[in-house]
Structures are given as C-alpha cells and as structure tokens.
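Read through the structures below before going on.
First subunit A sits with subunit B, and in the next complex the same chain sits with subunit C.
Here is the complex of A and B:
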C-alpha cells in the first residue's frame, strides 16, 4: 500500500503516461478506501487514476474517481475538465466541447482546458481548426514545448514541412538537450531535401546519444546524397573529406551495433542496405 | 584559567523555576498560538486568488521569448535565428505583444485611480498589517511585564559578540553571554519557530515571520499576479521594457552550435585527435581577426568584421538596456 502510493507519486513526478500501471496500482487503493490515508495526496491520486482509467477504458473506475473529486471540490475547473475527458472517452465530443468552453468562459487562462479544446478539434477530424486554435494558444503560452511538438505533428499530417520545421526549431530552443527532438527536426529537414543541414542535425543526435541507430541511418542517407551531388560551393558546407570520414564512421558504427546485439538476419539486411546506398 | 573559574563561580546564578513556568514557556506558547491565528486570518483575508489576465500572461511570455532566443539561439541554424530575431524585434517595437498597445501614447493619469494598482497596494497593506500588529502587541506585552528578566541559560559558552543578540533589554556589561533576556527570547522565537509552524500548518503557511520581513523590505511591490511594478512601486512602462528587450535582441549575434558538429562527432569516436577542436577554435578566432584588418568584400568576412567591431557597442548597449529596465 505504501509502495503503491510511492510508485504513483513517482509516476506523477515524472509525468509518464502508463495508464495500465496506474490503474493496477490505484484501483485497489481506491476500492479499499486506503487512499484516504494519504491526506492531501489522495486527491492527486484520484485525479491520476481517473485519467489512467479513461485511457484504459475503465469507465466505472473513472466515474468513481471523478465523483469523489466532485464531492470534495464542487465547481472546480480542474475536476470539470475530467468530466470533459470522460465525455471524450465515450465519444460524446459535443458535450465535452461545451464543458471546455464553459471552463474557458469562467477563466480564459485555463491552460488545461485550452489544450483539451485543441485535441478535441483534432479528434473531430478538423486539423485546420486544431492548428489555428493551437497557434492561438502558443502565441500566449509560448514556453509550452509540448504544444509546439503537437503543432509540428499537425503540420506534418498536413504535409506542411516548412511550418513543422519552424515548430521543431522552437522545441529545440526550449528543450535543447533531448536528442529525440533533434532527430525529428533532422528528419523534417531531410524530407525538405535540405541535406546539408539535416546532416548536421543528425550528427548532433549522435553527439548527444552515442550509437543512436536512427541517427546513424540518417547520416548515411545524407552523406550518400551529398557525396553523389556536386560538391557545394558554400563555405559553411561540410568538406568532402569530412563527408567521407563521417560516412565511413556511420557505416562502421551501424555494423558494429548490429554485430554486438542483433540477429544475423538483421545484420545482413542492414549491411545490404548500406551497400545499396 | 583562574579568572575563568572565578567568573564562573561569580555567575552561578540560580533562576527561579517560576520564571520557567510562568514566563519562558508562556511566551513561547503565545507566539505559537498567535502564529497559527495569523495564518488562519491571512487565509480568510486573502480569499480567492486574483484571476490572471490572458493579455498580461501573453505580455510576460513574449518578453521571455526574446530572452530564450538570446540564450538558446545557438541551437538554431542561421536562417531560423535571423527570421525570429527580425520578427520579434519588429513585434516588440510595434508593441504587438503589449497588453495595451496604445498605453504609451496616452497621457499617464494618476496611478491611484487605477483600480488594479490600488488593489495590489491594498493587498500589500493588509499583509503588512497582519504582520506588524501581532508582533507589536507581543513585544509590548513582553516589554511591559517581563522587561529585564533573565529567562534561560544556554548550555554552551558564547563569545561576547552575541551579547547584543541574547541580552537585549539588560544593560549589564559583566554578565556571561549565555544568559538570555526576555526580549531576546522573543526574537529567538520569532525567527526560530518557523519549522514548528511548518510542522503544524504544513509548508507554505502564512505565519512565516522571515518571509514577512522580506515582504516588508519590498513593500508594495507587485507580486507575480499583480501588474508589473517599476522600482519606485509605480506600474512600469511595458513599452519601454519591450524596447530595451528589442535592443538586446538586435545586438545579439548568431553563433551556431553545430558549425563543426561533424568534427566533434569524429573526435568523439576517436577518428580525429582531440587537438583538432582546439585548432578549429584558434583558426576561427584568427580568421575573424585577420578579416577585420583586410577589407575583403566577401559577405562572410564582412559580417565577422561587423561583429568584431560592434562588440564594444554590444556591451555598451547592454548596459544601457539594463539601466532602462
């Protein structure tokens, strides 16, 4: 019981979304009523379990949690948002939209409701509306890098790579140490056929995360394109010797990674792929 | 050595246990109780927190945006950085992000007629009153009834410097420093009871004397929720803040962190000796120095030259910007 509470707290702190784990840990706590022993933390657990239960489709548990929260905090916007999410989970999107709208009318700075509204538009299949709503949101809450990531995704779905790249640049400024974001930016650049820049970004991925296979593949793709094309006149471009060296390095690392831990078949496939470039 | 024992013997004072029961402990209990009551009253008085305004949130975030671009712009390629720089400095100049874009053109009215300003002032006043009144009352009570009392002897020796701290209200020069007077006991409690309050009321309680002291020294300054205040307690002119941020932005030169990333990766995997990086740095600084003297028309070196020559201006401008803020 103490361990479960501790684990739930850790999950809350790290903001990981593991609904199955949360429900498994939280359900006995709430059913047995032991959760009330946690004092002030109890309500955080209720909220956490409610969202997790919605994620895994346990509507009964979610309903129970939300009811408990409503009894404790009547008229709270945060609880009301959970109600909206409950409607979303069962597919009643218009009801959910009404709830979010009411919350925002009450308090226009409610970030959670504003974000839900955007996702609701996305779920309704209105990506353009979702984009404009999200742009409006980000104009105010500039520092929300998750919002920028979401916007990049939306733009990618619309095949608007330039805009998506812009969003990823914002993410890079806000969260510069995460190699996954650098990777995403690099891949967008590659798709835009900006191989020079993409190569540098892929290199950055490798610099931040050693032997990142997807980054190594990216380097291979870029170098093979750049080596085939005429050498660039641009002074800032990577020199031919560097290109060759980095190409060699990527090949070497890829083969090394697959020989160390991979089935013989994957290794032969990756070797063949490299030869094909 | 001998003098020390004499002093010890001479000061073998005995305190009446009634002092402990009727002065020492009551003062402490009263202070704890007053702290708790103050916490409750503050909670009552505060009521609902003021709702933040969307436009002022946007205003602060926009300023932050300029700062982030200046601090983390190295992660962006040149074109992305320049585009943002131009956009932001334009927007800051025009006041696109300001809460009230026309505020600067309007004549400034009396700040006392601005309800938001008066409200924050009142809030500060209320908080200060909640702090000052109970403390004054307790101090007067102690001064009136127990002035000149010696309440407790600390179980360890202290240097003479502590005398003014521990024997306030007793004007003797000879008494050992480890004796504590009633007024000093009050002060010790005032600052020492904080962890007790945290234990009783939980963290973030309003009985915190130290925090109030800080609040007093910055009296009337707007909290995060209130409108932005200048150092004089007047609402600051946001347009000026934006303009100085624009100036800071304009003077920021772009330096790309990925310029030699291929080299760094090669070094990381041991394909190149580490000294290559040092050489690269040297070559770069040398390159900028030489291009400054040579008046070559190529764009890259011209830029570097401009950067080098403008660097004194950068620092000067930054200082200026600070002053304006």
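Here is the complex of A and C:
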C-alpha cells in the first residue's frame, strides 16, 4: 500500500499519462478505504484516479471518486471540472461545454477549465474554435509555455507551419534549455524548407544533448540539402566549408552511436542511408 | 491484396501501445506478389513534420529492397476514437507510395473494432482523383485476410501486452537498439 501510494505520487510528479497503471494501483486503495491513511494526499489520489478511470472507461470508479471529492469540497471549480470531464468521457460534449463555460463565467482566469474547454472544442472536431479559445487564454497567460506548445500542435494538425513556428519561438523564449523544444522548432523549419535556420536549431539540439540521434539525422538532412543547392549569397548563411565540416562530424557521430549500441540490422540500413544521401 | 497476420497485427499493437495519440507507419508486400507480409511502425510523437519521415521512408525502402519486399501501403490510427478519415498527412504519404506502386492503398484503424472480433481497418483506395474509403473491401475479393482468425488473435495479443515489445521509429531514434524495421520480438 505504501508502494502504491509512492508510485502514484511519482506518476503525479512526472505528469505521465498511464491511466491503466493508475487505476490498477489506485482502485484497491479507494475500494478498501486505505486511501484515507494518506491524509492530505488522499484527495490528490482521488482526483488522479478519477481522471485515469475516465481514461480507461471505468465510469463507476470515476463516479465514486468524484462523489467523494464533491462531499469534501462542495462547490469547488476544480471538482466541478471533473464532472465536465465525466460528461466528455461518455460523449456528452454539450453538457461538458456548459460546465466549463459556467466555471469560466465565474472566473475567467480558471486555468484548468480554460484548458479543458480548448481540448473539448478540439475533440468536437472544431479546430478553429479550439485555436481561438487557446489564443484568448494565452493573451492572459502568455508565460504558460505548455499552452504555446499546445497551440503549436493545433496549428500543426491544420498544417499551418508558419503559425506553429511562431508558437515554438514563444516556447523557446520561456524555455531555452530544453532540447526537445529546439528539436520540434527545427523540424517545423525543415518542413517549411528553411534549411539554413533548421540546421542551426538541429545543432543547438546537439549542443544541449550530446549525440542526440534525431538531431544528428536532422543535421545530415539539412547539410545534404544545402550542399546540393547553389551556395547562398546571404552573409549570415553557413559557408560551404563549414557545411562540409558539420556534415562530416554528424556522419562520424551517427556511425559511432550505431557502432556502440545499434542492432546489426538497423546499423547496416543506417550506414546505407548515409551512403546514399 | 492478401493481408498476412503479421501485417494485420503490428499496426494494431502500435495503436494499442499509444492509445491517446495518433500513430502511423507503412505496409510491406513481397516483390512480385500481392501478399502484404509486414508493417513498419513510424511515429507517435508528431506526424505532420517531414524530416524524420524522409529518413524513415528512405530507410524502409533500403530495408525492403534488401529483403525482397516493397512498400505497398500506409496505415494510421487517429487520436479521436470516432475519427476514421485518412488525414491530410496520410493522404500525402499515400500519394508518395502511389507514385511507385499503382496498387497502393491506405488502412485507417477502426478504433472501436480493435478489441472485437471484427476487422479493425477501413481500406482507402485512390479512385477518381482522390482517396476514398472502401468500407466493403474486406467482403470483396479486393482485400482478404490470410488468416481468418487474425482479429481474435490480435485481441489476445493485446490482452497479453505484446505491444510493449513493439518499437517504432520514434523509439528507435531515442534508443538505436530498438529494431523498428523488423520488430523480431513480434512473432506472428
């Protein structure tokens, strides 16, 4: 029981979405009443298990958790949001929307309800409405990098790469040391055929995370494209000599990584890929 | 087209491994026959960006040629359970395969059928200038399962958690030990 509580706490901290695990660990705690021994953490477990139960379709368990929370915190917007999510889980999207709307009318800055509303509009197949709701939210909460990331994803689903790139620039202003964000920005730039800038961002990924395989592949793609096209007259562009040097270095590192860890079959294919690029 | 069990199984394991996001990949047929024998899973992080798609497509092509296979189709499972449309990105990838293989097709996972005894795919074929769903394909000679019990075998594999052993290209890029091309641990 102590272990289950600890594991649930770790999952809350890492924000990983493993509903099957959460339900498997949390259901016995709640059914046996042992959860109340966790004091203040008990209510966090109830909330966590409620959301996980909705994810895996265990409506009875979700209902039980939400009822307990409502009894403890009557009128709480945070709990009421769970009711909205319960409606979402059973496909009653209009009812869910009404709950979020009511919460937001009471308190425009309620972050949880605002975010659920965005995801709900997306689930309803209304991407444009989801985008406008999120833009409105980010007007107030412009330092929420997760919000900008979400907006980037919404734009990507609509294949609006320019807008997605702008969102990633906002994310990078707030979180400049996370290599995954540089990676995503680099891949968007490459998709827009902006190979010069994409190369710089892929290199940043490698600076922040040595031998990052995806970053190395990205560098190889960019240098190959740039070396095949006519040399740029732009003075800020990477010179042909530098491109060749970067290309060689990325090739060396890729081969080294595959030699150290790669399975024989994938190693031979990646070597062939490097040769035919 | 005849779909062998391994080709039927892997895309559904991919969808089961990442139930909350969209996943995609390609289907491989034997050279000179219409037997779809395998599937190679690509992505679960994001699928609308081109750089890693370029790498994946070229590497699968090299792998296919070395193993007497050819890329014949594309598959995807949508994030939303009720969404059974071939995505814009999926259409583009399928177009690319169609340029090489006139019989190219796409399979969209019918999410609600994954854990049932029904066939869990909707085939899309290119007709009159666009990708069209052919909902009756599996009841016509155009598509057939090599092993009629594939759907019920998949239910069993998913229940046993076989999807934990499946690696896609995103997994491979995080850990090059992951054999996304052959996925040898998935024995059909």
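Here is the rule we go by: the second predicted complex is superposed on the first by the 277 of 277 C-alpha atoms of A that agree within 3 Å, B and C clash if a C-alpha of one lies under 4 Å from a C-alpha of the other, contacts with A are read in each partner's own complex, and residues count from 1 in each chain.
Here, contacts are C-beta pairs under 8 Å (C-beta built on N, C-alpha and C of every residue); 3 or more make two chains touch, one makes a residue touch a chain.
Nothing here was measured: the structure is a model prediction, and the numbers come from that model.
> Using the touch definition from the top, say if A:197 reaches subunit B (first), subunit C (second), both or neither.
first
> Have a look at where A:127 lands relative to subunit B and subunit C in the superposition and call it first, second, both or neither.
neither
> Now for A:257: first (subunit B), second (subunit C), both, or neither, which partner does it touch?
A:257: touches subunit C, not subunit B.
> Per the contact definition in the header, classify A:156: touching subunit B only (first), subunit C only (second), both, or neither.
It touches subunit C, and subunit B stays clear.
> Applying the document's definition of touch, where does A:166 land relative to subunit B and subunit C: first, second, both, or neither?
first
> Using the superposition on chain A described above, determine whether A:143 touches subunit B (first), subunit C (second), both, or neither.
In the superposition, A:143 touches subunit B alone.
> Once the complexes are superposed, what residues of subunit A are shared between the subunit B interface and the subunit C interface?
none
> Give every residue of subunit A touching subunit B within the complex, in rising order.
Listed in rising order, the residues are 40, 107-109, 139-143, 166, 169, 172-174, 176, 197, 199-201, 203-204, 206-207, 210, 235-236, 238, 242-243, 245-246, 249, 253.
> What does subunit C use to touch subunit A in their complex?
Touch list, subunit C to subunit A: 20, 46, 48-52, 54-55, 58-59, 62-63, 66, 80, 83, 88-89, 172-182.
> Okay, in this complex, where on subunit B does subunit A touch?
Residue positions touching the partner: 51-54, 57-58, 61-62, 64-65, 68-69, 72-73, 75-77, 80, 202, 258-259, 261-266, 268-269, 271-272, 300.
> Touching subunit C in the complex: which residues of subunit A?
17, 55, 123, 125, 153, 156-157, 159, 184, 186-188, 190-191, 198, 213-214, 217-218, 221, 257-258, 261-263, 265-267, 269-270, 272-273, 276
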